[in-house]
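Residue numbering begins at 1 within each chain, and the chains themselves are lettered A, B and C in the order written.
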């Protein structure tokens, strides 16, 4: 990291002071809170309202300590220590111990004695504290305060008000961290309680965090409620597979079944938070799994033995020769993606590779090859937090990378100016105190070309960052303009893909023309380096850049590509699902490595079951380029990883692709190492101009119809409903109807109309939500023309 | 009931009174009560909309303060101070008499929507105990009989004047005053009564006065 | 000690609440002179006067003003605490009704001194008469050029807003008042930062009581020496005492600090029917009660503290021997329970618990052990709650127990109403004791 004047103050030597806690002198940074200072000497002062990532409130009073020179006990969670301060905790001060015990007695006064049926029992700070300093028998003989048992603050989050100790962690989280103040403290005094407005539930993308930080069992999730006892669970550290934020998680399972997932503490990445998709969407791992290999016979899939299925797969591929397209879906680990491309290049001699099962373009491929593939970690979450300005292009962080959103929100509260070139100013942008730079959908490149001098000045500040999302691929000239902007301003440029596997697949080289870690396929040195590690001759590797993107599908449609291997691919995810279906149906042979039946297994000739994340180890590379390795959760699972299955197919083909276990794959990638040679040059595509008519702005909302969210009804109920969002002027031109019909080449969708901050003559739609599957139903993509009319009969 | 454009306009005026608009929330909720007779869900949403905060945040505020009611208050709000001094000096008996007369208990409206009865806390009029309020205007030094008589007269639609304030209007009118206090009634009645002048009277009677200059002292 | 009507001197003029009426008695003379002074000089004058806050805590006003950082580039705010809600306190509301311009003049001078261009008078919502009279006075002052831009040609600009509360005793706590004034739940804030540094809208803010601010024009007009001839070294000045309870002439009595309760009681016509004082509280329910043995202690901050109580709001409540102290204390605790904001555990849960036990006593139930448990519970609140409301709630019971332990023990078997016929304590004619 470059040290600049701008961030110099952060990196300057930390001024420390010395405090004495229970007779132990400890040196701490100036401004440290007593409760944190005590932790440094291993003393845990009781706390309920305190949370290191929330502003102190000193409300629960559980942490009272004695501070020399102060007449009254002080709350350690709010007491900033000063040099020479003498502090006595419960361990050395009878006053502190007695004060803490008194508060505990008060806290338990109205708390129900329902620990045996409470989800928190066994991992409950209140229970633990009651065990250590609570009275064996209550002195309170009056009536306890009672409330109606749990109420839904959302479809997912339940609130048992009797258990609440009014610590306000949940409401402070909702307000300070998520920016979704849909829960708040209601009433006052002994009647004080957490609640929602009459007509607005706590539908926050981050609501599950409140369950995790609740220090009692007041908040529970519908998904986990009464599912298990914490002491029956086995916990494993994992990485979230849902997006490229790269959250550390803790996955808890019991008897071979995952019961819940929690955000794990990783200060450099997700701090202590995660999103509700990462927390709650995991039923897909167990529900509806493909458990055995299958072969299509007389048009129907039937179960086959592994040897038979592997034989059929090998035979199908053998017949296609080198004309095989390999498509790696967005959930692949870097090891699996690496195995796919090695299999393609070594076992098949094919370079027809792509991991971009979504809208893509050659321009995007050139951008990724020139600026992203195999690059070391450059811009980090911490850099976002200290950046003077962050420009978002074709990127909606709250939906597409929620932890990036949380960090930008935190940054914006302190110093960072967030700017967004977009067709719409979303509530997410508002929560980041962001500045909206309007651009009709698809014309972002032109907007970059005409940015105000003041914006350019902001980007010229040391530490400024540009973040682009996956939609940059849908914007002609977008990637070219962004790269040029970064070059001219000196701002750092990061690509934030949406899916967890994309950056890893790019680094692994699962793209035509791109060998592992950024190596151009056409570079002989690059080919030699890779071939050496693979133990093959460089000449045996493909020399011609293969097909990717739409060209690959068209070639399959015309049977130039004679077979397709699809690893975790859904046809609906392609920009043109109809073309994808034709391609898969036309090509000679389709091999699907899958864990669920899908639009691809409907067509596939051979289906081989593969492991989900809990059944294998692996690594996701997050948007920073930071490896996020994880281990197997369910060790008894019989499922093989994609890499292992590919290894078996290679054996059936008689090809030697080397070892396919995760350590070996990691070693290979490390041996290949970073690319020092020339990279592909940046693309140079002219900016698109607005085409007139109504342009479509669309992206995937965080909670939507994605198949990895299947079988989670409570989560789905908190998703944002599909609406068509237009500007006030556009709504007026339609006559302010309650519903509108949006039409495209493939058909029409009727949705409720919502007025938002949107450029005129554009409509914002969720890309893949219940009742609005844009690619399938409209046949139009981001920035393309659609028509709008009042009324709902689609 | 939906909040009218006129009321929204007044909400904007209130918001403009302060360096930061949210400061207007308490007066705005009084305005909601003047328009709606209670704090309604629509009123909460209108406040949230005008101030760009969430309805939960408005509800959090509205449920914190006891003057905001979540049921229709009716025509007149009747308060009886039952804090120690007023209560023990006779407020308890006044409350019991009114509760019997109105047939309702604490914080409840009468079935006919005419009255709301509330045991209120100290009204800052202890010198005038026992204290009753009608639409928050003072009715000082009441007895069970006089309190019931006040309610009877109000029920009959007769004019009733506050002991230290204007002629009684109704609950909504007072709530409007709390949002927009220039109600033109500052000149009505003479609220400075004998108890407020008690010390001055004794001083005059006994020839006492404060020195107005240092020399005299 | 004699009565000294100063603030109350012209209250019998029915036009006093108008601008003309106030001016006829010398009103706004102090403002004209203040605006010609250096603001720092005014702060010095108030410091030298020794004026102490009249809201209950008695903090030196000039010192509070001097904590405001100057030339910090931030807006400054003056906030008047007119949320008079302390049981027994009834002096600010009469001042605002009888002589609102004195408050407004004090506001303008004080704002000028601390360099505030915005002042707010936060008046409890339950008293519309006070709100309309203060708002009316502000409007008249504005029309006369005393509020607005370039006041009296001084170059000083000031806007004053009369703001209505909505029913929450806790908003008398200054930081809770600020949260309330910002449109939030009135829950107290963490200190530091103190309001003088980060108060309203996180800017330097002075919060003063109505009576405190009303004193300012008199001090500016008549000088420090004049002011200090009243009261004592540590408690200079005069006080608007509001005497209530079983006295023959309850009402407002203005006298120098240092006057005794016995003297005030004499002016108030003595106890009704010549009955003895059973207990009395010098300034609100939040200060410990005293008995007839304490009638000769000077009513100053320091003497009251020495007697184990506080001057508080300086609004004595006197109860005669018809009153059940158990019932009185229970009612106060019910008040604190009702008004506890809910933020901190000791106050929220402690008032809930203590009130429940006291209600048992009031009805003749409970045990002697519980009489002592309550003392312990009060100790678990006092000094450990977030703000002074908890401390206040923990005050009445131990203070009462000190003098009336037998009555509480008797209450565990005999209800308060059986011990003391409630009708006997009623003040209206026609109430017949059993």
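Here is the rule we use: contacts are C-beta pairs under 8 Å (C-beta built on N, C-alpha and C of every residue); 3 or more make two chains touch, one makes a residue touch a chain.
Treat the numbers as computed from the prediction; the structure is a model and nothing was measured.
Colleague: Per-chain Cα mean versus the mean over all protein Cα atoms: which chain has them closest together?
Modeller: If one averages C-alpha positions chain by chain, the most central is A.
Colleague: If you tally contacting C-beta pairs, which pair wins, A-C or B-C?
Modeller: Result: the pair with more contacts is B-C.
Colleague: What's the distance between the Cα centroids of subunit A and subunit B, rounded to whole Å?
Modeller: Each chain's C-alpha centroid was found; their separation is 53 Å.
Colleague: In whole angstrom, how far does the Cα centroid of subunit A sit from the Cα centroid of subunit C?
Modeller: 55
Colleague: Using the average of all C-alpha atoms in each chain as its centre, how far is it in Å between subunit B and subunit C?
Modeller: Taking the average C-alpha coordinate of subunit B and of subunit C, the gap between them is 20 Å.
Colleague: Please set out, as single numbers or ranges, the residues of subunit C touching at least two other chains.
Modeller: In subunit C, 168, 185, 338-339, 341 touch at least two other chains.
Colleague: Touching at least two other chains at once: which residues of subunit A meet that condition?
Modeller: Answer for subunit A, listing residues that touch two or more other chains: 185, 187-188.
Colleague: Quick check: what residues of subunit B touch more than one other chain, meaning two or more?
Modeller: 60, 64 - these are the residues of subunit B that touch more than one other chain.
Colleague: Give every residue of subunit C touching subunit A within the complex, in rising order.
Modeller: These residues of subunit C touch subunit A: 168, 170, 185, 190, 337-346, 348-353, 356-357, 360, 373, 379-380, 383-386.
Colleague: Can you name the residues of subunit A that touch subunit B in the complex?
Modeller: The touching residues are 180-188, 195-200.
Colleague: Of all residues in subunit A, which touch subunit C in the complex?
Modeller: The touching residues are 56-62, 64, 71-73, 78, 99, 102-103, 105-107, 109-110, 139-140, 142-143, 145, 165-166, 185, 187-192.
Colleague: Which part of subunit B faces subunit C closely enough to touch in the complex?
Modeller: 17-20, 22-27, 29-30, 51, 60-61, 64-68, 79, 82-85, 87-90, 92-93, 120-130, 133, 136-138, 141-145, 162, 164-166, 174, 177-179, 181-183, 185-186, 190-192, 194-200, 202-203, 206, 208-214, 217
Colleague: Using the touch definition from the top, list the residues of subunit C that touch subunit B in their complex.
Modeller: 2-6, 8-9, 11-12, 14, 16-17, 75, 84-90, 92-94, 97-98, 118, 124-129, 131-136, 139, 161-169, 180-186, 201, 222-223, 225-226, 229-230, 238, 241-246, 249-255, 267-268, 285, 315, 317, 319, 323-324, 327-328, 331-332, 335, 338-339, 341, 422-423, 425-431
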